[in-house]
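Heads up, the next two complexes both have chain A, just with different partners, chain B and then chain C.
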Partner chain A sequence: MITINYFGNIAEAAQSDSETLDLKSVSLEDLLSLLDTKYGISKFQFQVAVNRKIISTKQGLSLSDRDEIALLPPFSGG
Partner chain B sequence: MERFQRQTILPGIGISGQQKLQNSKVLVVGAGGLGCAVLPYLASAGVGNLGIVDGDKIELSNLHRQVLYSEKSIGEFKVVEAEKVLTSMNSELTITIYPVFLTLENVDNLLQEYDFVIDATDNTEVRYILDEACRVAGKAMIYGSIFRFQGQVSVFNYQGGPSYRSLFPEEEQSSLNCAEAGVLGTTVGMIGMLQANEALKIILGIGEILSGKILIYNMLKNDQQIFELAVQMEPVSEKVTSPTIDLISAGKALGEGGLLLDVRELGEKPVVALANCIQIPLSVLESRLDEISKEAKITVFCQSGTRAISVAKILKKANFQQVKAIRGGASDVVKLIENEVKSVEKQD
Partner chain C sequence: MKKVFLEGAISSAFIADSIAKHQSKHSIGAHNIFLGQVRADEVGDQKVVAIEYTTYEEMANEKLHEIREAAFEKFDLTCLHIYHSLGTVKVGEICIFVFVSSPRRKQVYEATEWLVNKVKEEVPIFGKEILDNEEHQWKVNS
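Entry: the complex of A and B
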């Protein structure tokens, strides 16, 4: 199981703050493209954190069971 | 010192800590929801020198969250009213007010006198300008921002730490600000309080600073998470060359004529009924660009100015020649039209 936490406008697009996907192993890239198909996340600017560490999505990281992913867009209100 | 006795007896503060507070110089950019939370706590704690930057005036729709202001201060400059209230809290402060908006032109001058900056703006464009100026000047920028019931806090450019731009490289599509997304006073209050708290820690040299980290608070769930920025964020080698947009007031825009482009989504209020105004929502803009002449004089507006700036940039990149954006939004335009109608009626 991989947990994905959504923040800001991405949570609104996903209509949820969090979900778990029954994936044993998947690359970060494939996960993001899956989420793009589901929620159209590529139209947002965001950073990706894996287990609370923001990482470059270009790293070609493979995720493992129980990883926690977060999609973090910038906010702008004040 | 009796005044500060309850805080000077704290471990790590003492008389010397109070002296540090007294000698420090903090610039607060934005005297809106976040600024109204940050400022009274810095003033009460005895931060000796405060600069406040904001070109806005107080409106009725500010009062539910901008708690420094009252009904009788509507129409006044926010910085003027903030200075009055803060001085009544602590008469020994030196407060310098700047009733202007921060721009590329004035940012370096504004920063000069201060040790670090609190970013309490609601505007992404201004945030990037401030971030870059702080990075170059080696001054920390305490960032706070809101999206509906969530808030973010971080300290950028602290002792050579990551900048805002290295976390979020500039892009055209900005997220909504308060005028567009809505906000509760308690949300800006809590995030502003966290910013003020970082400011006191930096001055006093206590605790862990939120540098290289971003905190996200969800007010609906009372959930707080801290994310670490990558050790090696994408290097900011060169300043991203994004077109700068000429921001003008609604009054100037109406005076100058040309085409007014409303990029709000259908159904957003108030409706602007003017012969020279057309509405093309941001969501469908790119497919409808051919409806506007590239030579036309275009002034873009939305609800608060954020989307207008994004669209103005898109238009400039698509080779539209004369593009400006309205600072503020549709309600300013409508107010001006109404006033004009009234003055015409009076003349009759």
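Entry: the complex of A and C
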């Protein structure tokens, strides 16, 4: 199970703060493409965190069971 | 892990109490405080009436811990406190409180500015600006 957390305008588009997908292993690229099909996330600006660390989406990462992914729109604290 | 996130606005009583708690720390010679207040920005014909804050709390706490550690290495500080609101904060209310203390004055100004910038740039907090017609937009830091 891979957990995906959504925030800000992406949580609105997904109509959820979080979901788990029953995937054993998947590349980050394929996951993002799947989420784009479901929620049209490519129209938003966001960073990706894997297990709470921001990572480059260009590095061809493969995700494994129990990874926690987050799609993070631009931060706007303060 | 120090508690940073508070539900709702940060009250002046909470801020006053935080200052009072430092009277027993006698190596301190200077405090500096930054308070961020929700501003009634104009958005077309509408005005912002409140901001609703959410966060990715586990990641935010990890990041805030790193920022605190880095601040103590970079500046000569006795202590520092960061508080940020979650949930609804109305216009005119306080949503962030950064409080830096040091033996001497010069470091506290620099440290406060550095900390506020780090929190805004690196901590996953999201502000939803509520407008007076009940619509909303997502806050973008400038």
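By definition in this document, the second predicted complex is superposed on the first by the 74 of 78 C-alpha atoms of A that agree within 3 Å, B and C clash if a C-alpha of one lies under 4 Å from a C-alpha of the other, contacts with A are read in each partner's own complex, and residues count from 1 in each chain.
What we mean here is this: contacts are C-beta pairs under 8 Å (C-beta built on N, C-alpha and C of every residue); 3 or more make two chains touch, one makes a residue touch a chain.
Every value quoted in this text rests on a predicted model; they were computed, and no experiment measured them.
When the shared chain is aligned, chain B comes close enough to touch A:K43, but chain C does not. With both complexes placed on chain A, chain A has more residues touched by B than by the other of chain B and chain C.
Of the two partner chains, chain B is the only one that A:I55 touches; chain C does not reach it.
Of the residues of chain A, those at positions 5, 7-9, 49, 52, 70, 72-78 touch chain B in one of the two structures and chain C in the other.
Of all the residues in chain C, the ones that touch chain A in their complex are 36, 53-56, 58-59, 62, 84, 95-96, 116, 119-128, 138-141. On the side of chain A, the complex with chain B involves touching residues 5, 7-9, 11, 17, 43-45, 47, 49, 52-56, 70, 72-78.
Residues of chain B that touch chain A in their complex: 30, 32-35, 120-124, 127, 144-148, 150-152, 167-168, 171, 173-178, 181, 183, 188, 214, 216, 218, 221, 225-230, 234, 306. Interface of chain A with chain C (complex): residues 5, 7-9, 49, 52, 70, 72-78.
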